[in-house]
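In the two complexes that follow, chain A is the common piece, with chain B as its partner first and chain C second.
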Partner chain A sequence: MDFDDIDKLIKERQENLQESRFQLGYGIILVFTVLLVSILLWEDYYIYSISLSAGMVIGIILRYSRLCFASAFREPYVTGNTSVMRAVILGLIVSTIGFGIIQLRHNPILGDYDKIPGIVMPVGLNVIIGGFIFGIGMVIAGGCVTGLLMRIGEGHSIFLLVIIGFLLGNSIPTGNMEGKVIYFPDYLDLEVVIIIQVIFLLILYRLALVYEKKKDN
Partner chain B sequence: MAVRKLDCLTELCPIPLLKAIQEFKTMDIGDILVIEADHSCVCTDVKKWAREKEYEVKSIEIGPGEWEIYIKKTR
Partner chain C sequence: MKGLRKYLKKPWPYWLGGVLLGLINVALLSLIGMPWKVTQGLLFLESGISNYTILNIGIIVGSLVATLLASEFKIKKIKDRKQVITALAGGIMMGYGAKLASGCNIGAFFSAIPSFSLHGWFFGIFAFLGAGLGVKLIVRFVL
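Our next item is the complex of A and B:
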C-alpha cells in the first residue's frame, strides 16, 4: 500500500497527541459580541460600527487565506510561483476601480489632497528608503502588517512586542512627510487614469504568467 | 522507505521551504520528509510548493501553534 504511507504516519502521530481544545464556541461568542456592539454603536457612531464588523470579516479572511504580501514578492525568486503575486495584482485592479468610482463621485478640488478618499501622499526618495527598511523589518519580525495582526489573533504572544515597534514606526514618520504629491487626475481625466492603470496592471499580470512559465522549464 | 525529520521550529518563511528543498535533493524516491514548524504560513508555503511539484503532502496541527507537514518524494 504505497500511497497511504503518510496517512499511516499521521495516524500514529495523532494517537500520541492530546485532544486539542475545541475553540469554535469562543469564536461564536466573539462574533455575536462584535455584532451586538456594532448594533449598539450604530445610532451614534456608525463609522465605528462598520469598521468593527468589516474588520472582523477581513480578519477571518486573512486568517484562512493566509494571504502574505511578503510571499507575493518572494515566491517568484524562491520557487518561481507567482500565484500570490497575481492575487495581489488582481486586488490592486479591484481597488483601482473601486477607489476610482468613489473618487469620481467625490469631484476633487485640485491641490486639496487631504479631502480625497483614499491615501494621497507625497512621493519621493522617502518611499524607496522606507520600503527598504520596512522590508528588512518585516523579515526580522516574521510578518507584515496583516500577518502580524492575524497572528496576534491566533495567540502568538511575540507579536505583541512587534506591534509596539510597528505602531511607533508607523505613526512618527508619517507626520513628517515632505515631497511632491503626484496625483494623476491633476494631469488627466480620472476615467482615463483608471483605464490606463488597469491596462498596466493587466500587463503586469500577463508578465507574471510568462515569468512563471519560463521558470518552470 | 525512510522517514526524515526536519526541525524548523522558530524559523520563519522562507527558511523552512529552502531547507526542505535542500533536504529533498538528498532523499530517495519513496522517502518521507516531516517538517516541524511553528510559523503558520509555513504550511501554506510548503504545501503550495509540494503540490506544484506533484509530491504527496499533508499537514496536521500537533499542538497549539505547532504543525507537522508530511511530504513524500514520489518522483
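Our next item is the complex of A and C:
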C-alpha cells in the first residue's frame, strides 16, 4: 500500500463520516417535523395526531429491536430459536394486563361486543383458514405486514411489491363463513380471565424456552 | 457526540421491543379507544383514509427515522425475478388470509389476544402452523 492508497482511504472514510452525519441530521429533523405536525393536529384531529406519533414510535421500536412477527413464527422451525417469539409473548402479557385494566374500568354491556375496548370478533372457519394462509404468506414474503412497513422505511423497494400483492389478495372475494364470538369474560369474571391468561402466556414462554434448549442439544 | 452515534447504531434486544410494543398498544387503546391495527389502514383505496392509514405512514416514517439515526439508510433494489415472485405470492396470500380472518398478525392476533377474544388465539395457532408449511415450501421451491 503506497501513500496514494492511504490518502484515498482517508478521503473515503471522511466522505462516509460526512454522509452518516447527514443521515443523523435528517433523522433528527424528521422526528421534530412529525412531532410538530402531531402538535398542530392535536386540537382538531386528536385521533390523527395520536395515530401519527404512535406510528412513528412503533416504527422506531420495530426497526431498533428488529422485532418481526414473521421471524417469531418462522425461527422455531428453522433454527429452533424462540427469542423473537418469546418477545412477542412478553408483549402479549403486558397488553393483556393493560387491556384488562381498561376493560375492567369500562364495565361492558353484555353482548355488545363492538363497544368493548379492543378487538372482539367471531371465531370460525374463516379465522382458521385465514390465519393458516396468512402464516404461509408471511414466511414466503419474508415479512409480515408490520415488517414490510418497517422495511419500506429502511429503503427495501421489494416490499412495495408485497403491498401490491397484499392489496390484490385482499380484493379476492371470500365466501360467507359465519362464526361465533367467544369472549372469555362472558364465562368467567374478567379479573379471573386476566390472571388465567397471564399464567397461560407465562407457561407458553417457559415452553418456548424449553423447546429452544432441547433443539440446541 | 461519538458516544451518542455509537449508541444510536446499537440494536435493542428483542424482549425490549416486545414489551414496548405491548405498552404502546395499551397506550393507543387508552388514548383513542382503539387498539393497534394495520390491515384496515392499508385498504385506503376502498375505505378511504382512516387514522390507521396515518398510523401506518407513521410506522414507515419511524422506521426511516431509526434507520437515519443509525446512518444506515440505503435504497435497496429488487434483486431478481425469484424475489419478485415470492414477494407477490406471499403478499397475495397475506392479503387473502387477512381478509378471511378480518385482520393481520396485529389486528387478529397482537391486539385480539389481549382483548380476551378466542379468535386471536385461533389466528395465532393457525398462522404458526401455516408458517411451518411456508418454511417447507421455501426450502423445497425457492432455496
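In this text, the second predicted complex is superposed on the first by the 182 of 217 C-alpha atoms of A that agree within 3 Å, B and C clash if a C-alpha of one lies under 4 Å from a C-alpha of the other, contacts with A are read in each partner's own complex, and residues count from 1 in each chain.
To be clear about the criterion, a residue touches a chain if its C-beta (ideal position, glycine included) is under 8 Å from a C-beta of that chain, and two chains touch if they have at least 3 such contacts.
From a predicted model like this one, the values you see are computed outputs, not experimental measurements.
**Student:** Looking at A:79, would you say it contacts chain B, chain C, both, or neither? Reply first, second, both or neither.
**Tutor:** Once the two structures are laid over each other on A, A:79 reaches chain B alone.
**Student:** Taking the superposition as given, does A:123 touch the first partner, chain B, the second, chain C, both, or neither?
**Tutor:** A:123: touches chain C, not chain B.
**Student:** If you stack the two complexes on chain A, which partner ends up touching A:53: first (chain B), second (chain C), both, or neither?
**Tutor:** A:53: touches chain C, not chain B.
**Student:** Output check: A:185 vs chain B and chain C. Expected answer is one of first, second, both, neither. What do you get?
**Tutor:** So A:185 only meets chain C here.
**Student:** For A:9 in the superposed arrangement: first (chain B), second (chain C), both or neither?
**Tutor:** First partner only.
**Student:** Of the two partner chains, chain B (first) and chain C (second), which one does A:139 touch, if any: first, second, both, or neither?
**Tutor:** The answer is both, since A:139 touches chain B and chain C.
**Student:** Any idea whether chain B or chain C touches more of chain A?
**Tutor:** Comparing chain B with chain C, the partner touching more chain A residues is C.
**Student:** Once chain A of both complexes is superposed, is A:207 in touch with chain B (first), chain C (second), both, or neither?
**Tutor:** Neither partner.
**Student:** Which partner does A:103 contact after superposing on A: first (chain B), second (chain C), both, neither?
**Tutor:** In the superposition, A:103 contacts chain C only.
**Student:** Touch check for A:155: first (chain B), second (chain C), both, or neither?
**Tutor:** both
**Student:** Overlap the chain B and chain C contact sets on chain A and report the shared residues.
**Tutor:** Touching chain B in the first complex and chain C in the second, residues 20-21, 66, 70, 74, 78, 83, 139, 142, 151, 154-156 of chain A appear in both lists.
**Student:** Quick one: which bits of chain B touch chain A in the complex? Just the residue numbers, please.
**Tutor:** 1, 3, 12-14, 17-18, 30, 32, 34, 39-41, 43-45, 48-49, 52, 56, 58, 60-65, 68, 70, 72
**Student:** Can you list the chain C residues touching chain A in their complex?
**Tutor:** 5, 8, 11-39, 42-43, 45, 51-52, 54-69, 71-79, 83-84, 86-120, 122-135, 137-138, 142
**Student:** Going by the contact rule set out above, which residues of chain A touch chain C in the complex?
**Tutor:** Residue positions touching the partner: 19-21, 23-24, 26-28, 30-31, 34, 46-48, 50-67, 69-70, 73-74, 77-78, 83-84, 86-96, 98-100, 102-103, 116-123, 126-142, 144-146, 149-159, 161-172, 174, 177, 179, 181-185, 190, 193-194, 197.
**Student:** Within their complex, state which residues of chain A touch chain B.
**Tutor:** That would be residues 2-3, 5-7, 9-10, 13-14, 17-18, 20-21, 66, 68, 70-71, 74-75, 78-79, 81, 83, 139, 142-143, 147, 151, 154-156 of chain A.
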